[in-house]
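We just call them A, B and C in the order they show up, numbering each chain from 1.
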C-alpha cells in the first residue's frame, strides 16, 4: 500500500497485493502454491468488489482460472509426494533417559568364503541385463517429467492402496465402522493427506464408504453401502 | 572364518606340556577351556544347560562350578574382558564397558555412539512407541539411529498404518539382562536410568 | 538387574585395587588391557602400528613388547583362546583351532545378512567398481548395503568424478583369508567361483 496515490487510483484494486497474486499470470507458475491462502484471498476479493459496488466478470474469470491453477499445483506437488512446508516444528518434550552403556561382545560369525561365492551368483546373473537396460534408458529420449512423476506415484500408490484396503477390511470384520482418526494415529501431515487421498480412491472403487455427519466432524469408514449413489 | 594359521612355533598341544599335572586336573582345564570357547564364540548370554551340553553333562551344578572357575580366573587377571553372571543363571563374556570407548573405531561391527544410544534408551523406555513420536522427540537424525538399531537387531518394527511401531528385541533384553516381559522390563529400566542419571552428573556428548 | 550392577561396579577403576603395585606397572596393566580389548573387539589380525595407535605410541617396539606380554599371559593360562603372531608383524586373538569343532554349532550369527553379502560379493568380484554400477546391478537398496559395508570397514570408497569407486579393504581380505593383492584376490575369487558354478547347477534363491 505504499504505492503513489496516482497509481492506486488508476489501477483496479485487484492489481494490488494481496489480490495481484491471482492476476500476474507470468509469475503464477513460479510461485510456491503453499504460500497462497486461496480461501482468504478469494473471500476478500469478493468483499472488496461488493464494497466498490460493481462486478467485473473478466477479473472474476481470471481469479477463477488462477485459483484452479494453484489448486492444481498443490495437488501435483502432493502427487509428486513433495512435503508441504511444515508448521513451525513443535519439538515434543519428553523425558529422554540417559544413554545406556553397552558392553561389547565379540561374536564368531558364520559367514564363510563359500557363502560369499554363493552370494555372488545372483548379482552376476542379473548383471548383463541390469547394465544393458541402464544404457538403453540413458540413450532413450526421456518422457516429459510430469509423466514420470505420475507413473512413479501411480505404481506406488496402487500398492499402498491395497495395503490400506487390507487393513481396513480386517478392522471392518470386527467393527461396523472405523473412525478416520484411528487410521492416522501418529501420521504426519503429508501421510495424513495421502491416506485421505487413498480413501477417496477406495470409495470410487466402491471398496468402502465414507460418512461424515457434521462439518469438521469425525469421518467414519464403513463397508460400501449396497445400492447407494456415489459419494459427493 | 577359520582360525588364522600361525606362522611360527606353538602348534604343539599345551596340555601335554605340564607333565606333572594329574589327568583329573587336565580334564578340569579342558572343561574350562570348552566353556570359555563357548562363551567366546557365541558372544551372548548362555544358560547353564547350554554350557552343560558343551561339557557333555546334564548337571547344572557341574556346569556352574566350571563356569565360575573361568569367571574367577578372568576376575583375577584384571584384563579387558569379564565374565558376568546374569539373572536366571546365564553367563556372558564381554569387553568391560570402560574399554569400549578406546577401541570403538577398530570394531568391525558398528558400535553405538551416544546419539543412537539415547534413541535406544528412549525407545526402550516408551515402547511400544510410534516411530514419528521418536522422531519428534529425538529429531530427524533419529531416522538414521533407528535404522542402525534395527540392523544391529536391538530394535524391531511392525507396520502400523503408514508408520511404524518400534520396540526392543530379545537381543536388547539379553544385553542388559532385562526381562523379556515388557512391563517388568520397563520397571527395571526405570531403576537403571535412575542409577545412571545419579552416577553420571556430566552429560555425555550430544548426538 | 545383575549385569547392570556389574557394569556399575566395573566402572570403578580396577587398577586402583592392587595397592601394592607401583604406578608404572599400573600403566603396564592398562596398556595390556587396551591391546587385549583391541584384539578382542576386532577379532582379526592387527598390525603393530594399529596396536600402537591404541596405546598412543608410534613405537612399534613398544607395541610389540606389550602385545607379547599379553600373548605370554594367554599362553600361560592354557585356556581356549590364543594370541598368534602372523607374518608381517600382525597379531590376532582367536579360538584355538582344536576347540573350534566343539563349539561351532553354537555360533549362529552371519557376518552379514544375505542382501548386503551379495552386494559385498559383487563389489569384491568387480572391484574397483563404480558405485552407480553396483546400484544398477543390485538395486537401490544397495545404497544402504554400501553404507553398512563401509561402516564395518569391509569396503572403502574413493571419489571418482561425480561418483564413487568402491573396493574391498584389508579387513575383508583378512576375514575371508584372501590375498591383500587385488589382482591375486580377484583371481582367487574367480577360480573358486568357477568351481562352485560348475559343481552346482541349481540356482540359488533371489535376494
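Operating definition for what follows: a residue touches a chain if its C-beta (ideal position, glycine included) is under 8 Å from a C-beta of that chain, and two chains touch if they have at least 3 such contacts.
All values derive from a computational prediction rather than experimental measurement.
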Pair of chains with maximal C-beta contact number: B-C
Centroid-based (C-alpha) most distant chain relative to chain C: A
Inter-chain centre distance, chain A versus chain C - centres from mean C-alpha coordinates, in Å: 46
Distance between the centres, which are taken as Cα means, of chain B and chain A, whole angstrom: 44
Where chain B and chain C are represented by their mean Cα positions, the distance between them in whole Å: 18
Shared interface positions of chain C, touching two or more other chains: 3, 7, 40-41, 43, 95, 107-109, 176-177
Junction residues of chain A - those touching two or more other chains: 101, 103-104, 106-109, 111-112
Of all residues in chain A, those that touch chain C in their complex: 101, 103-104, 106-127, 130-131, 133-134
Footprint of chain A on chain B - complex, ascending: 1, 40-44, 92-97, 100, 103, 107, 109, 111-112, 114, 117-118, 120-122, 124-126, 130-133, 136-139, 160-163, 175-176, 189, 192-193, 196-197, 200, 204
Parts of chain B lying in touch with chain C, wherever the complex brings them together: 1-8, 10, 13-15, 18, 29, 32-34, 36-38, 40-43, 46, 50, 54, 70, 73, 77-82, 84-87, 92, 95-99, 102-104, 106-110, 147, 151, 175-177, 188, 191-192, 195, 199
Residues of chain A that touch chain B when the two form their complex: 89-109, 111-112, 160, 164, 167, 183-188, 191, 194-195
